[in-house]
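Below is one structure, written out as structure tokens, with a few remarks after it.
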Amino acid sequence: MIPRVPPSANQDKIISVHGVKFVYNGGVQALAGIDIDIRRGDYLAIVGGNGSGKTTLAKNMNGLLRPTNGSVTINGVSTSEQTVAELAKVIGYAFQNPDHQLFCSSVVEEVRFGPLNLGYPEAEVAKKTEMSIEAMGLSSVKDQPPFSLTLGERRRVSIASVMAMDPQVFILDEPTTGLDARETDDLMEGVDRLNLDGRTVVLITHDMKLVAKHAKRVVVMSEGRIVLDSDPRGVFTDLELLLRSKLIPPPVAQLAHRLSSLGVPRDVISPEELVFHLMSGRGALE
Amino acid sequence: MTAFIDLYTESGTFLHRMDPRVKIVAVATLSLLALIMSHLVYLLVLTAVMVVLILLGRASFQKTMLAFSYVFRVMALIVVLWPIFNPGGTPVLFELGPIRITEPGIMAGIATAVRIFCLAASWYLLMFTTSQRDLVCGLVKMGLRFDFGLSLAMALRFLPTFSAIVESIKDAQRARGMELDKGNLRKRARDYVAVLVPTIITALKMADMLSLALQSRAYGARSDRTYVRELKMLAGDYVALSIAVAVFAIPATAKYIFSIPL
Amino acid sequence: MASVSMESKTTQTTVGVPPAKFVPPRTVALYAVLTALTTAVTMILVIPLPTRGYFNVGDAMVFFSAFTFGWRAGMICGGIGSALADLLLGFGFFAPITLVAKGSEGLVAGVLGRAYGGATWAKVLGIWAGGSCMVTTYFVGEWILFGFGNAALELPLNVGQVLLGGLIGLALSQAISRYRNPRPKAT
């Protein structure tokens, strides 16, 4: 009943997760069996409450963590045969706290760190750095030290430094935490463009409004399992499941549900849609 | 080497219940005892006592082995190297060029290794039977000024936090292609800087907040501060204290005043 | 209606008790953090070696504390932080020696390294002199405890550790001083 995103014939799988279980050293099982395929060009959001395992899953994808059981395959090659550095060429991971990655004396130097580590020649490094700084709107601050920038700018530096490594997949861990509305919009504009350029984007977040507005596919996790994998409409149709997974549905969806008696469909995901349905509604609002 | 951050094993043995001040004094006297004794037989007796105490304290076997892993390696090196560099006495067992291995040399090497074990064991006894809080409490009661004790206690409390932050930052930089275990000196230094700069900045920000927290809790407001936990010496503690002192005083007197070879 | 007495019967507050003569809270917090960092770095950022066991980056923190916050911080935080690592890793008996070795390293590096406004050559001199104190203390201590053979074996390793730690500590103090000097924008 809940529609799955139909696989396009041209899309190939870039990340394949098969039967992955993960247990931390202390015995805590964070992933209880995950199967998911991420296709090239996907714009995917992994959502779930704290402790649902979303960050653990993401770290299993770029090699920072290795599955206790099961396998993760990137572009057809298992991660067990690759180091984190090798995987960093394909999978870029921007951490939740940008202050955990920034250490250079200027934004330019910072952005260069990644591609230099990957061994690109100087000309390439300069080009990619320039491109990422522009794409993230950092040209005006590129010679300033990263720690003197605002949180929003530091986030963008962190993402730019990942972008400069030119990966095929971007994993962004809670990129909008702590940002105000303007900063969020600026950031997500850059992220949307990444996907338009053909890169696969994986957003890890619990901000459902963000998901509704930007993601094309939503994976809901709870207690180490995937409980729902669908497009945003499909996900917001089932509010109870969201609440059980410790997620707060976006206000638009909640309102749509309450107005369903007025004929508003439940799978509304943007305020514009809600207005449309109310205006052209079945006459209850006169 | 990532070891357990806390050697302390919770338990209810008499060692655990002993006043931390007595244990601190005992570690000092036992260490001195091990240092002044040089006869292998007496050192082995001391070793046996240490092992018994460790067993009585119900230490976890795994943790103990982990804690002693470095010590055992040092002991092995001593046994091998000592005779080579201390070729005194007779009978000579082996000679090759400048190297002369004598029996007294080997025995002295073994004695030294055993002494190291006793030293390690006495400190280990302290660490696994005393919680960090009790240790600091004991030190403050023994005269460490409160503000130093507080700083020490805070350092211990933040140790796991910073360990986690260092690991997290290591991961974050690894995700940018940094490989810490490869490369020449300059590259490795640069990589460690990549990990340490964010760590230190995060830590300094925390220090600012901690300082505010202290001030808002009336730190230093009065010189007659009271304590939530009071340490009281019980009869058993006094007995243990006298034993700890006697265990050193008697052999020391025997050795230095009566020249009994120990 | 009974009147409520506001006088507390349990505490006897006497007006005029003077404040405690403590170091300022900024120092307590800073030293706690630097000490904990030194211990954490000494225990975690560790390079395994075939012979001795481990090579650690703790000296970088000793030098950093000394250069950035002065000889007292270098001595106290570097000395105690490193000694704590010994205590927690199972060779607590070595802690007193480490306390002196790293404490003197921080003290000397802090005094020399801050000369001439913290010029790079002063810091290098501080690393060399402080490092010598550390290596010498360890050599003598190990000779007495473990014998000449062990001490001699460890000597080049300790020297190497000072070199690596010095290089890193120098870079750290330069990077962080940029952070601590007036930032144009606050977050």
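Each chain carries a letter (A, B and C) given by its place in the written order, and its residues are counted from 1.
Note that a residue touches a chain if its C-beta (ideal position, glycine included) is under 8 Å from a C-beta of that chain, and two chains touch if they have at least 3 such contacts.
In this text, all values refer to a predicted model and were calculated from it rather than measured experimentally.
Among the chain pairings, B-C comes first (most C-beta pairs in contact). Legend note: the chain whose CA centroid lies nearest the centroid of all displayed protein CA atoms is C.
The distance from the centre of chain A to the centre of chain B, each centre being the mean of the chain's C-alpha atoms, comes to 46 Å. For the pair chain A and chain C, the distance between mean C-alpha positions equals 40 Å.
Chain geometry summary: the mean Cα position of chain B and that of chain C are 17 Å apart.
Looking at chain C, one finds that residues 175, 179 touch two or more other chains. Residue positions of chain B with contacts to 2 or more other chains are 193, 197, 201. For chain A, residues that reach two or more other chains under the stated contact definition are 103, 147. On chain A, the positions that touch chain C within their shared complex are 103, 105, 144-145, 147-151.
Residues 17-23, 25-37, 39-41, 43-48, 53-54, 57, 60-61, 64, 80-81, 84, 87-93, 95, 145-150, 152-153, 163-164, 167-168, 171-172, 175-176, 179-180 of chain C are the ones that touch chain B when the two sit in their complex. Chain contact summary for the complex, chain A toward chain B: residues 59, 62, 64, 83-85, 88-89, 92-93, 95, 97, 99-103, 113-114, 117-118, 147, 161-162, 165. Taken in their complex, chain C has these residues touching chain A: 175, 178-179, 183-185, 187.
The touching residues of chain B, when paired with chain C in their complex, are 1-7, 31, 66-71, 73-74, 77-78, 80-82, 84-86, 109, 112, 116, 119-120, 122-124, 126-127, 145-147, 150-152, 154-156, 158-159, 161-163, 166-167, 181, 185-186, 188-190, 192-193, 195-197, 199-201, 203-204, 206-208, 210-211, 214-215, 219-225.
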